[in-house]
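Per-chain residue numbering starts at 1, and chain names A, B, C, D, E and F are given in the order in which the chains are listed.
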Amino acid sequence: MNTILILLFCGLVASTCHASNMQDFCVADLKGPDSPSGYHCLPSDTVTSQNFKHSFGEPLTVPFNAKLYAASVKKFPVLNGLGISAFRGELERDGFVPVHTHESNEILIMHQGQLDVGILTPERAYVNTLKPGDLTVFPKGLQHYLVNSGKEKAVAYIAYSSPNPRFNFVHQALFANNVSTKTIAQTTFLDEPQVRKLKARFNGSG
Amino acid sequence: MNTILILLFCGLVASTCHASNMQDFCVADLKGPDSPSGYHCLPSDTVTSQNFKHSFGEPLTVPFNAKLYAASVKKFPVLNGLGISAFRGELERDGFVPVHTHESNEILIMHQGQLDVGILTPERAYVNTLKPGDLTVFPKGLQHYLVNSGKEKAVAYIAYSSPNPRFNFVHQALFANNVSTKTIAQTTFLDEPQVRKLKARFNGSG
Amino acid sequence: MNTILILLFCGLVASTCHASNMQDFCVADLKGPDSPSGYHCLPSDTVTSQNFKHSFGEPLTVPFNAKLYAASVKKFPVLNGLGISAFRGELERDGFVPVHTHESNEILIMHQGQLDVGILTPERAYVNTLKPGDLTVFPKGLQHYLVNSGKEKAVAYIAYSSPNPRFNFVHQALFANNVSTKTIAQTTFLDEPQVRKLKARFNGSG
Amino acid sequence: MNTILILLFCGLVASTCHASNMQDFCVADLKGPDSPSGYHCLPSDTVTSQNFKHSFGEPLTVPFNAKLYAASVKKFPVLNGLGISAFRGELERDGFVPVHTHESNEILIMHQGQLDVGILTPERAYVNTLKPGDLTVFPKGLQHYLVNSGKEKAVAYIAYSSPNPRFNFVHQALFANNVSTKTIAQTTFLDEPQVRKLKARFNGSG
Amino acid sequence: MNTILILLFCGLVASTCHASNMQDFCVADLKGPDSPSGYHCLPSDTVTSQNFKHSFGEPLTVPFNAKLYAASVKKFPVLNGLGISAFRGELERDGFVPVHTHESNEILIMHQGQLDVGILTPERAYVNTLKPGDLTVFPKGLQHYLVNSGKEKAVAYIAYSSPNPRFNFVHQALFANNVSTKTIAQTTFLDEPQVRKLKARFNGSG
Amino acid sequence: MNTILILLFCGLVASTCHASNMQDFCVADLKGPDSPSGYHCLPSDTVTSQNFKHSFGEPLTVPFNAKLYAASVKKFPVLNGLGISAFRGELERDGFVPVHTHESNEILIMHQGQLDVGILTPERAYVNTLKPGDLTVFPKGLQHYLVNSGKEKAVAYIAYSSPNPRFNFVHQALFANNVSTKTIAQTTFLDEPQVRKLKARFNGSG
């Protein structure tokens, strides 16, 4: 009788029940276009348990002694439209993450080691030292950095209020471009030799 | 002169005016994919008065002496993106709607007969008896039930804050699956014979 | 043991569990100020079953042979923040509702009688005749009217995608004000005697 | 080293970095369908500086001595999903913009000349005279008009809280349609000869 | 010169700069009322670095061998309006979290041990076994459970797409209330003795 | 009769009509607290035409030969909850606006003179020269600058998709704080002498 009941209720709200997951979840069809609200949904009858599981996999080695493992929508398509994603960050001794912003809010849970974190607003800085069991928040749009201030590897778990957080590093924005050194120097108040030096380091030109 | 005026203003805000219904309404193209914001829009110059009219049609007989008539986006595509839908519910004498949740808010208007309705939250229950002219609200995510407590058929009109409300019945979620009886019993505190009995009734296995 | 469990989970997510209804529902404190998101919430431990029940009560007689019964947030405060409200409309024979707009989407279910409804957009009109079991939709911002075209009273149930729908009648906007007849005539293309006549009828001046 | 860094971070959050502009911006693919959230995004690696620049171009001559220059999503596709658009309006001496509404909020900056503006709500009118350096706001859904009350051309810059503002003129909605004169007259309280006269003027019938 | 610059720009966008953090962040004033959008903001000039740091503190022992550490808005007020929160969960050997829903999306990162997790939808179940480095997602409104299926303690980090996630346990909703056993049995299909037994266990009555 | 009609319809949707402007507009009570959705609304019966008019007033002289005139919510309270604001910017010959971001989308209309504008993303720069009648867009979160590249004063009109845009200047975020020079240098890749020099210039310390 259960089958009948399901089919009846499905028929009630959907022309074909298996094609309807309009709001419970929407596994991204990464081969199609995206839109301001995200990707198209895969047909719900092709969704299996495997779509709900993701493994961080091998660590990705990033400069500055940082490793990052990502679960954002492009790697974990069930996140499409859900407004959340997660990362694991590992900073070796002396590792750090340069000053950057995101267009989503970030919450960070310290798991191991010690991090110095700072939020740099135009009016003041908010600085903390985090140890295991501590958390911090980086509101969207505010410049922040993380520095391993301990004697061992630092490990943190991170979540974002977006399925596709992007990292807007200040040094990349300022120096990895072909805008003239004169203009960058003028609009950042940096000295031209400093700009030229960092353009050279980060593959900028001009 | 009117035609000129319309064309001018249309030209002002759209490359072709007839292709622009971006926000007034967006009749769902149900043959295309859906996305986190809903379906693609049909070309606006194919929209006619008929797209704005829907008939509940024949009643759909549901178990437990309930009949439901639906106007959700899959039956009434103009609802796409509008954040609303409507139903008519009829519960014969002794009819009821089992405990369930929706991912949208629900408002119910009693038209005929008498219903006992209950909202079951983790902290307490909110219980009412509804007669013609009464209304109630079921906030999204909260378990609720409806029982015909009168001597005649009960009729209610219902609206949801979603174009595609879904019914998440507790008994279907718990028993119409192939998760092991042991696990369901453990995580619901039900006795295993009870779980097995209802798995059998609602086509579950395991 | 249940009490312990509840308290523990409550303590987990709230400093005092009874003060926390932040998202399940938020019964409006109508004595306080409103904000762009609605009213403040009443303390959740003062909420009882009665907050979830509203009765349309006595019919309200409106000119033009229309009666309206409302369940919007000011009468049914649990609707605060829920994005929905409901009405019952009765149009006596020859009754009608003048041309107006809302800033929310509207879905209408015909229950009894017959209504001619029209949506007037700048490009075209969408016109339908509704009989019991029919539904229609009035998207926000689009001018629409309802006329009883049957031989008996027409009864409809209506829901809005807002807890506080407002009626923006064209005749009130144009004529119930003290803007000069000349300006109203110029910017509506109506003749001045027509404007003066309707300003007199609807208590305007100028 | 910069290239490596970019690729690593890109790889972190996207399977292919160049295909990912999910939230920074989403240049509309105007050849594809729209949806309740807007148009599909063009592939981000096809976006150039030119996508970020638009020119108002030649003035568009509108009746009633008004000229309007538009930058909405259909002309400036980078606005897709950004919730904003801009216009330049010029009203020659004696020019005006008839009573209308938008489904987005509007802010107007006076640059030159003088405008009389009025917001007509069902309860009252809010009327102001604007001179260079003055601003006003027209909230969505509220009827408003603009009349050049100065002795020279009036120039204003305008922005909307939508990438695709539409103009819902009262005279077009009421008269540029084929609904019967009798029904329009009944539901607007206008006299039938007035309705017939304006239907004739604005290409309506019925 | 910096001070001047800051004051000038502050003066530009705010009557008093220090009182204006309207959108960067809004630390909750937990002593005031909440609203559909959250709590009032503390004055921004009272916010210090300490507002951006929270410590999970002592573990909270929950029945069923589960411990939960919370960082939701009532414990970490800077989360107000940010749409995110975080938890640490520890399940001892044989520990589990009963079937429940949330009104926010959840992402879970396995850190240690092994968990069997299941999502129970009306149509089917999605079941996975998670080991360190695995992630899963529980979309809002869908019933799910977690069972420690390993031989050691399981540890997971969790984030929600809400600053105030609530746990809606099925057993609490169904049994910790005073609705009659007859009604609960009827609307859940459970046998009355089963309902009575669990009402007794979880402090329900009726 | 108009008065009767208004009162009846008001009574229908509001306990007192004059206190109800819940969604048409909500003039900010700047003396009260703000919340994630904005400020409380002033009582609607205290709102007059003057609330809908704002004057830019005297120019505000900003360093670097820029003058800015603002109409954001703190100066023009009717913008509360409307998602829009407007500015006039004047850059004298050689004037510029340093690299910065906003947490809202920005549209800029060139009125007079010539501006070089650049958007600096981590992957590339989008650079344009704007002349009268040109427009550009700065999406939220992306670094951008403006430089007067003409021989006369440049004048532009600007709107934001927020009632309260904030300016997050890179030089203020990086240098106007008390974070140690060593940490700023490490996390921005700037040389320490450069950091010290700009900390001194912009009133930072450490």
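Just so we're on the same page, a residue touches a chain if its C-beta (ideal position, glycine included) is under 8 Å from a C-beta of that chain, and two chains touch if they have at least 3 such contacts.
All values reported here derive from a predicted model rather than from experimental measurement.
Chains that touch both chain B and chain F are the following: A, C, D, E. Taking each chain's centre as the mean of its C-alpha atoms, the one that lies farthest from the centre of chain E is D. Because chain D and chain F carry the same sequence, their contact can be compared by residue number, and over half of the numbers here are used by both. Centre-to-centre, using mean CA coordinates, chain C is 35 Å away from chain E. In whole angstrom, the spacing between the mean C-alpha positions of chain A and chain E is 21.
With centres set at the average Cα position, the gap from chain C to chain D is 26 Å.
Contacts with at least two other chains are made by residues 6, 9, 24, 35-38, 103, 121-123, 127, 141-142, 166-167, 169, 172, 175-176, 201-202 of chain F. Touching chain pairs in this entry, ordered by label, are A-B, A-D, A-E, A-F, B-C, B-D, B-E, C-D, C-E, C-F, D-F, E-F. Residues 6, 9-10, 17-18, 24-25, 47-57, 69, 71, 76, 78-79, 82-86, 88, 105-107, 109, 111, 119, 121-123, 126-128, 130, 133-137, 139, 141-142, 157, 159-161 of chain F touch chain D in their complex.
Considering their complex, residues 30, 33-38, 60-63, 68, 70, 72-75, 103-104, 162, 164-167, 169, 172, 175-176, 201-204 of chain E touch chain C. Partner chain B is touched in their complex by these residues of chain E: 96-99, 101-103, 116, 118, 120-125, 127, 140-143, 145, 147, 166-179, 183-184, 186-191, 194, 197-198, 201-202. Contact residues of chain B toward chain D in the complex are 1-6, 8-9, 11-15, 20-24, 26, 29, 32, 35-41, 80-81.
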